[in-house]
């Protein structure tokens, strides 16, 4: 099994979710994160002093998938999260050793 | 070493923490996440239009443990987070290559 | 490639970011987490009843790096996040199988 | 001579106008207290129950206005027997009396906002677990019948007023009455899940928004100038104007002392300044002076308020010990301190006696508690008064209102 | 005799003083409505657009005060022809008339806050997507010219007042006028991104802060006592004082009934108590009674308010169906219900006729809508009225103000 | 004849009643400013220091009320020598004078809320790093002694009033005085950690809640009608009533112009509309007109306010450059603009001279700054005035109050 972790632009979340579900994956976990990268933050102004807000709000998706599905999911994310502008984000893939579905006790691919 | 990542129902957090500490693990890191899975969100109503709030608030636990402890911790989580109702969540296990305790510089199992 | 995940004290974030960028790494992803460990939370008081707030606000950094950079980055974090007081946090290292830069489709080390 | 008569008429009308205006301004300030209760309670509950408590507050005010117009005012004030127990029944507000000091409509407006205050007290105590609709049905009964009946007994000229019971602006009639209804509800409702441990531990459930709670307290403090100041009922001559000034001064002094007393007590006992206790202290000071804001000297008023501020801190912790769960401290502030306020009147007001005060307090409590208990019980047996465990866990905003209070903010669950 | 003359003078001055004071207090309450609109709108937009809507609100109030002082008041009230259409032009507020009932300055103060109210209505409807600076330029024109001109037609003694058009406190002149300007803006502006789906779905965009929205409503409710109560213009004799009391009572009753009607309707249709609809219901009740808060009996006033509360719920859902995107419901509350308010006057006020009401409503709408449309259009063609897609996505707080409303809080984007 | 005498008596009492009522309403509005300061400051500090600033605000108001009752009012107003420097000492408020225009109690009530205003100014400037208890001890001294002494010099008939110093409603006596005390505190306290870089950079620390800050400003704006309007002290004849109307109009115009001036200046310099600057601009307009809200024409009042709005923007950025860290801009708004307000009086008020104004400003500043400096210094040497670095980092809410302001919300630390 693989764990795909994708950092994307927040407003792409719905598109990505749809794309993933189109390739047959229903489960995922999302968190609000802040990204630092080539894309720079913006300058804010407060009481006459400018300051740099470096971080950018991003959304992180974690999706556990069967090894054989990984390729398709990565592709689906790549396409649906793509805008071509800097800051589109990254997809990282790790090896997932095991998985448990708490409700049923099913394990590994059955748990996904 | 293993990294156990568990996605559970928020109101189970205290129970799970207790169960884990009962098997001798004291350290863990928690984050607020949103889950999408078989369990569906709820419908909200706003000014006469209904809409689906898909995501469900979940809590993600990350626990680094010695390889030999992994089994016991997984079991402790499985039991304490269990309600039997859909949406109980998942436990994922990864291989953890190395660990450092920043305060002391201790590494690997000594750092946990 | 390696994925370095560091849990640090929030007020050290700026220092750590600087230290990492000094060793040539520009990208990272940050999230707000809560830590439980040896460092205990604090007692709060509300309407005459004391209660223990166990969790401590921490910040989690995730940094994907080339395998050969890992050592240097870990050291940079160790140093810059260090206060010597309990609760300084942990650094965890995983193996990262692959990476994709969504904007360009570049993969693996080129994507970092 | 004719001119003099005309001028006398003009002056009489002018006094009527000023007294009416004074009533209307006071009433507007008391109306504003509805916002105060709404903000205070919204700040002291968890974010998942905030929309519902706001809904309850705006709806209870609205229902109180409607029911008091339809029957409540009539029950309380119109065509009643002097010194009686059972009021006459009827609808609407009657007709303007000849030679009245102010317009009937301004009187109604000033009175109606008091009913809403009494009901606002209830909403805080039963927050975070009571069904919206059962609460609203109870609101109908309290504002149409329960409150007007006991209001008649004193302010409407009923048997309590004849017995010498003295409650200037309603520490008992409004505040303790509201708290009595609340207590009956809380007893039947039980504590919030997770509030008390198996071994008697008290687990605090902090309110979600301190600025709102503070704003609510300031609003109430401001509105109370109308509440107490308007209760003099007349302003247009030197004696009455002076009295109203005295009332403003005493009301303010009592609130300030209540806050400071709670602050100091907190510092002594716990070493910290728990803001919510200080807010309750200020409100306790206000309730404490409400039974007689006119007779005490400013210094004595300050003392009365300070004792109120001390009392409320102990009341809150004591109620927690006996597992009476009141998220905002309403029973302590309005009930315990309301009772104390009644009992302290004879110290500065020679017309009041401890016996009459005790008698009045007992009668009001007995009636409101018993009547409320019956209504809550009927509701419990029929539609139910408590939300399901799951709804309580998820927050009543979702189940009752469908709208979250802060939908965009990430919260700790 | 001399003494009598002196005393008569004193009494006359005293009346003047009381009526002036009554105006000033009423004006202060209406000024307070500016805060109410600001909070209501800040609560009903998303957090990323909150600083900007606050900025718009405080600036529009300020601009309204300046423009109305410079030319608006003059256009509306000074040196105009009775029954005319085109007002005389001039600057500043003129001079105190001999034998006036109250001071000119207090009159100006009471009037100026009304202009701000009209403009506040606009800001809510165009929220979350209109450029700050275009909005402010429009504010200049509306408060300097568009509103004063139509204000002159009725309240300044122009042709509508001669035609028998009756609008006591401004359901049409203030509220429907504001909504007409808003409608013109919204039509040229279009809906917020993501509000309507390709297949006609309506995607709700929940407001970010319900306590603020509720607070705003309570503030408006309170301020409305000044808005309607002050519109009697005189207080200092028995008849007028009684009238003002009646107005307070009716205003309160209509608001309460509007809220309860919206609550019940929501329960019946959707099974839940949508707080934002209840808030809009209360405001609808207030708008509904504003065209004539004096003539109806309290019961009839309640009915008027209740129908307003029902109407607003249907108006909001209907506007959504035809894709008119109004984040706070301003067009429904002030426009639809404002029109209804005008049309219901003849039922209780014998001096009003349906014909004249329809005529007045039509004239006001036509003028304000057309004039606003032209101004918005010019702005659109020149500086533009809508922010870029990216700015809209990022939130206008960043692009227009540079300051986020809640910079420390983690929000769902 | 007897009837005439009786009627004259009635009318005299009626005037007394109206003037008392006017005082009480004005006082209630000024009391409301305490909530305004609390909300403004709560919005402009970080969330981790919000509970503590709320605690400070409600406690300082309360302490001010107690201390001014006990000794402050006596020092300021009772049994003093005309034209003197050292006031007589004594306790409580004295006795009602024969033939006074309004009740003594209403006078006290109106005066006491001014003291609280002065102290509220301090709390904002020293926010986010000063120990709660040291602050409260300072509050006792300022409200019991420092303020009453300088108050006596002008309003109590002391040597400054004799010297022709003119400060109608307290731009100097209240606002600049508060700012002087604040400045002394800030100098001894130092800047917040992380506010200034080693190389002189200014790192902004944005406030956590813009709607609260805006609400606070609107509350202050509203309350200022009582602050300035009530300072006419009399209302009940045509001249005074007209004056009060003029004051309302000018106060409103100055605030509006201050806001718009700050807006335009921000646009020109930085291209954005920084809401917090606009709020400060409105407040600067209010402070600017407070030294004389009666003499200027509305247009001139607008100018005065506009210059105030410009001044405050430069003052804020300048203070930052010299590393005087004032989280809410209190020293700029109340100090810098307060001084300017005093100096602008002679332009419209022929009775004032630049010499006397400068003299008065100097005396007030010197006294309040020096006396405060001494008190702050003693506190610093004994109990300490600044929290530890760790407490400052963690937020003073935890260390001082034990209660977080928004415990459920996830924030960026």
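In this document, chain identifiers A, B, C, D, E and F correspond to the written order of the chains, with residue numbering beginning at 1 in each.
By definition in this document, a contact is a pair of C-beta atoms (placed from the backbone, for glycine too) under 8 Å apart; a residue touches a chain by one contact, two chains touch by 3 or more.
Here the structure is a predicted model, which is why all the values come from computation and not from measurement.
Visitor: Could you tell me which chains are in contact with chain A and with chain F alike?
Guide: In this structure, the chains that contact chain F and also chain A are C, E.
Visitor: Looking at B-E and A-B, which pair shares more C-beta contacts?
Guide: Answer by contact count: A-B.
Visitor: Where in B-E, B-D or A-E does the A-F interface recur, with over half of the contact pairs identical by residue number?
Guide: Answer for the repeat of A-F: B-E.
Visitor: Validating interface symmetry: for the copies chain B and chain C, is the fraction of residue numbers used by both over half? Same or different.
Guide: On the two sides of the chain C and chain B interface, the residue numbers are mostly different, under half being shared.
Visitor: How many angstrom lie between the centres of chain B and chain F, each centre taken as the mean Cα position?
Guide: 52
Visitor: Report, in whole Å, the distance between the mean C-alpha point of chain C and the mean C-alpha point of chain F.
Guide: 46
Visitor: Would you kindly tell me how far, in whole Å, the mean C-alpha position of chain F lies from that of chain E?
Guide: 32
Visitor: Show the residues in chain F shared as contacts by 2 or more other chains, in ascending order.
Guide: Residues 4, 7, 11, 14, 18, 25, 206, 209, 215, 270, 272, 274, 276, 402-404, 406, 409-412.
Visitor: Multi-chain contacts in chain A: which residues touch at least two other chains?
Guide: 31-32, 34, 44-46, 94-95
Visitor: Using the touch rule from the top of the page, what pairs of chains touch, sorted by label?
Guide: All chain pairs meeting the touch criterion are A-B, A-C, A-E, A-F, B-C, B-D, B-E, C-D, C-F, D-E, D-F, E-F.
Visitor: Which residues, counting only chain B, touch chain E once they are in their complex?
Guide: Within the complex, chain B touches chain E at residues 34, 44-51.
Visitor: Name, in rising order, each residue of chain D that touches chain B in their complex.
Guide: Interface residues on chain D, with respect to chain B: 393, 398, 402-404, 410-413.
Visitor: Which bits of chain E are touching chain B when the two form their complex?
Guide: For this pair, the touching residues of chain E are 202-206, 269-270, 272, 274, 276-277, 313, 316-317, 320, 329, 412.
Visitor: Where on chain C does chain B make contact in their complex?
Guide: 2, 6-8, 31-38, 54-55, 58, 60, 74, 77-78, 81-95
Visitor: Going by the contact rule set out above, which residues of chain B touch chain C in the complex?
Guide: 3, 17, 26-31, 64, 94-103, 105, 111
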